[in-house]
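Dropping the structures in below, format is C-alpha cells.
Here come two complexes built around subunit A, the first alongside subunit B, the second alongside subunit C.
Here is the complex of A and B:
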C-alpha cells in the first residue's frame, strides 16, 4: 500500500519536486530518443546525452533579440519550468503519496502543466522573428485543441472514483480488479493521443516542425532560456506519463510499479512516434474537435448510463 | 598570469563545460554556393547508416541553437552576406567546418568573377574536410578532429603525419 509521505522541504527541492524531476526527465528523454533511434535502425544517443546537451546550452551565450521584451524573455523559461515542476507536487511520483493534496487538485495540476505550453506560446510571440511567431500561433492553437478532450478523458476515471483528488483516484484505481484502461478503452485512447499532443511528439509536432518553421516558438532562444524550456518539456513528459499511468494503468503503489508503467507507456509512445508522419495544424485541430472530443464525450455518456442502470 | 590565478572550482567548472561542449555539438548546415554534392554527403552522414546522433550531433534548424556551422561550397558574392549573418546569429562558442574542395579554396570555381573565395576568406574556419565530395567517413573524421581539438588534445598521429608530410612538400 501507499503510505509513505515526504517532508515539505525535501518535497520541494529533492524528491518529487526538484532534483528527482530533473534527473528523471533527462533519463526519460534519453529513453525516448534511444527507442526512436533503435526503431529507425540507428545506434542512438549515449545515456548521458540529454545531460551534456543541457550543460552545454547552460554554458552558451544567451542572445536577447532586438525588438523583444528582455524581462519577459528572461522570465518566461523560469516560469514555464517552475509551473511544470509545481504540478509534480500533486502527483504520486514514483508511487509515493503526493506531497500536497486537496479537493480538485486534478484541475490545478492540469492547469499548471498547460502553463508550460502557454509560456512557450508567449515566448514565441515575444520575439519579432516570423518563424517563432508562427510557432507560437501553432503551439497555442494546438493547446486549445487537445486540452478539452484530454481533460474529458481524465474526467472518466475521476467520475468513476467519485473524487477529483489525484491521491484518492490513485487509491481507487489500485483497488480495482481491472485497470481502467480495460473498462474505459475509448477514454484511454483519447488520453494517450492527448498525451502525445501535450508533449508535441511527432504526429502532433507541427508547432516545432523544423522542416517548415525552423524551430517553432523557440527559434530565437539560445543558451539558458532554451535549456530551461527543454528541461521543462522533459519534466512535463515525466508528469504526463505519471498522470496517465495513475488514471488508466491501475494506479502507482510503489516505485517499481511507477518504473514499469511509465516506461511501458513511453515505449508505446516511441513506437507511435516512429509510425506516424506529422499532421498539418488544421488536421490536428480537426482530429481533436471532430473525433477526440466526441469520443471523450461518448465515453462519459456511457459512464453516466452505466451509473444510472 | 591570469590563467594561474584561477581557483580549482573554476577549473572544475571549465572541465564540465568542455565535457558538455565536446559531447553535444549541434550543427547547422549551410550551402554557400556548392554544387550540392557535399550537401548530399552531409545528409548521408546524418542518415541511420552512419548515425551521428551517437556522438551527440544533431542537425538544428535555427542558428541560435547550433554550435557548429557546417559549410559547403565556395562563397559566392550573393551568399556571402547570408553566410556572415548566419555566423553572427550563432551564440558563442561557435565553430566552423568547411566541407569539400570548394569550401577549402574555391575548387573548380577558384578565381571566378562571382566567387569571394573559399570559406576561410569570409569566416574563421576550425576544420577543413577535403574531398570532392568527401565521404561520410571523412566528414565524421573531421568532426572528431574538431572535438579532439576542443578537448585540448593534440591531433591524432595520422593527422600529425599528414601535416608533417605537407610541410615537407611545401619546403621542397
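Here is the complex of A and C:
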C-alpha cells in the first residue's frame, strides 16, 4: 500500500524511464527466450546474450537502402523507442508511484505503446524491399485487429475503478479482496492474448514470419536502427506486462509484487508461445474480430448490468 | 489483378525458409498467390558426368552423395542396376540388410521432414521435439554403419555391415521408444487446433491432378494414388516382407502429414519383421570388375518417392551413361499448380509439403520448348557457364 515517488530527472534517465527500462527489458527478453528454449527442449541463451546482441548491433554498420527516405529511416527507431519509454512514466513501474499522472493517462499510455507498432509499420513501408512491405502491411493489419479488443479489455478494470488514471486504478485493484482476474476472467483472457498480439509473440508472429517474409518490416534494418527497434520491443514487453499486472493481478504495491507478478505473467506467456503453430494473418484478424472483440464487449456489458443492479 | 504492375515475392535462392538454394517467384495480390514459378539448378554438380569418369565401385560412393538424407537408396538403386547388368544377385541376408537400412533411413527422413514442415508453419516446438527423437534412429544408424548420414552400407553384390545380437536388441529397443513418440506426433498433428488450421484443406491436390503431374511417393499417396515401388515392383527384401500401402484420400497438407507418419509406423513394423526373420548366410556375392555391355533401369522407393536409375554399360570398368531421376523433380510441377489461390503464408508449408530436396534434382535436363529442342554437350555447357558469368560480372 505504500507507493513511493521519484524525482523527475531520475524518473527520466534512471528510473522508471531510461536505464532501468533497458536493463529490465533485456532481462525479460532473456527470461522469455530461455523459458521458451527450455520448453522446446533446447539449451537457450546465457543471461548476457540480449545485451551482447544489443552491443553487437550498435557496433555494426547501418545501411540505408536505396529508395527509402533516410530521415525517416533514422528517425523511426528513435521515435518508436522514445514513445515506448515515455509510456513507462505513467505506469507504476516496480511498484512505485507513476512518475507522472493525470486524468486519462491510461489512454495516453496505450497510444504511446501503439506508436511503436505504427513506427514498425511505417519503417517497413519506407523501404522498397518486398518482404518489408508485406511485413508492414501485416504489422498494421494486426495492429488494427488486436488494438480494439485489448483496449476494451483494459477498460473493464478502469470502469469498476471509476477512473481512467492508472495510479488510481492501481490503488483500487490493491484494495480489492479479489484480483480482477477472478472477477473479470473474460477480460483477463482477452488482455493476455492481446498482449501476445501486441508483442508479436508466437502464434501471432505472422508480421515477422521468418519462413515467409524473412524479418518482416525490419528486413532492411541493420545495426543501430535494428538495435533500437529490438530494444523498443523489450521495453514494450516490460510495460505491457506491468500494465496487465496492475489491472488484473491485484495491482503493484512494491518491487517484490512487481517482480513476482510480471515474471509470473511472463512464464505464462512463454508456455503459451510454445503451444501453438503460427496463425496466418487472416486467421489472426478473424480470431480478434470474431472472438476477441465480442468477448471483450460481452465483458463490458456484464459490468454495466452489474453496475446498474 | 486490378493493377497492371505485378507484385512478385521472391523466395530464394537465399531465404530463411530454404535450407538449400532454389528460386521461387510468387506473384501476389494482397496475400493471395496468383502465379508461381520455380527455378532450380543452383547446385548442379555434374555428378552424372562425373560418374562416367569413374569406375563402378567409385560411382557407388559418388551416387551416395547425391543426397545427404536419402543416401542409402541412391546407392541401393545403383547397386541393383549394376548387379542386374552383371547377372549377379546379392545374397538374401544382404538384401534384408539393404531393406533394413532403407527403412531406418525412411524413419530419419520422415522425422526430419516433420520437423521442417512444422517449422515452416511456425510450430517450432514440434520441430525441436521431432528432431530430438530423430536422434534415436540416427544413433542406431551410427551404431550400425559407423556414419550418421552417408552410411555406405552397400557394395556391388552385397553389403558391408552386419547385424549382431546386441545391435538387434538395440534397434528393437529404439523402435519401441520411437513408436511411442510417433504416436504422440500423430496425435498432435491430427488434433492440435492451430496446426490443423494451417494444414487442413490447404494445398489440396486431387487424385486426377496427382496423376496428371506425375506426382510420386507420399505426395501422391496422400492424394489417393496407390503408387509405391516397394509394393508395385518389390526389390531387395520387400518381396519376403511385404509393405502395406498407405494412402489417404484427402490430398491436403494434413493428409501428407498423416501418410508420412503412418509410413513411420509401417517402417517400424517392417524393421521388426526383418530383424525377426533375418536370413543367415553370406553378405556379398562376387562381382566382376568389368560389367557386361547392356543397359538397365532400376527403381526403388526413396523416402520422397520413386527413385529411378538408368545404367548403361559398354563392357568396361566405367559406366557409359548413368541417368538419375529423383522424386523431388517429379513433384515440383504439382506444387506450382497447387500454390495458386492460396495465401502467401501457406507457401512455405506447401513447398515443404512435398519434402523437396534441391541438390538431388539439379542435373542436366533437356530443354524442350514448343518449337525447338536444345541439347548441350559437356563442352557447350562449360562454355555457356563461362559466358554467363562473364555477362553477370
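To be clear about the criterion, the second predicted complex is superposed on the first by the 309 of 309 C-alpha atoms of A that agree within 3 Å, B and C clash if a C-alpha of one lies under 4 Å from a C-alpha of the other, contacts with A are read in each partner's own complex, and residues count from 1 in each chain.
Operating definition for what follows: a residue touches a chain if its C-beta (ideal position, glycine included) is under 8 Å from a C-beta of that chain, and two chains touch if they have at least 3 such contacts.
These numbers come from a predicted model, not from an experiment.
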{"item": "Touching partner for A:275 - first (subunit B), second (subunit C), both, neither", "value": "second"}
{"item": "Partner chain(s) touched by A:219 [first = subunit B, second = subunit C, both, neither]", "value": "first"}
{"item": "Which superposed partner A:55 touches (first subunit B, second subunit C, both, neither)", "value": "first"}
{"item": "Touched partner set for A:44, first subunit B, second subunit C, both or neither", "value": "first"}
{"item": "Which superposed partner A:105 touches (first subunit B, second subunit C, both, neither)", "value": "neither"}
{"item": "Per-residue touch tally on subunit A - higher for subunit B or for subunit C", "value": "B"}
{"item": "Contacts of A:202 with subunit B and subunit C, given as first, second, both or neither", "value": "second"}
{"item": "Contacts of A:210 with subunit B and subunit C, given as first, second, both or neither", "value": "both"}
{"item": "Intersection of subunit A interface sets (partners subunit B, subunit C)", "value": "40-42, 131, 210-211, 214"}
{"item": "Subunit C-facing residues of subunit A, complex", "value": "39-42, 130-131, 134, 202-203, 205-206, 209-214, 274-283"}
{"item": "Residues of subunit C that touch subunit A when the two form their complex", "value": "7-10, 15-17, 28, 31, 118-126, 128-129, 132, 192, 194-195, 197-198, 343-348"}
{"item": "Contacting residues of subunit A [partner subunit B, same complex]", "value": "33, 37, 40-46, 48-49, 51-56, 59-63, 131, 210-211, 214-215, 218-223, 226"}
{"item": "Subunit B to subunit A touching residues, read off their complex", "value": "16-17, 19-21, 23-24, 26, 48, 51, 53-54, 56, 60-62, 64-65, 67, 89, 91-93"}
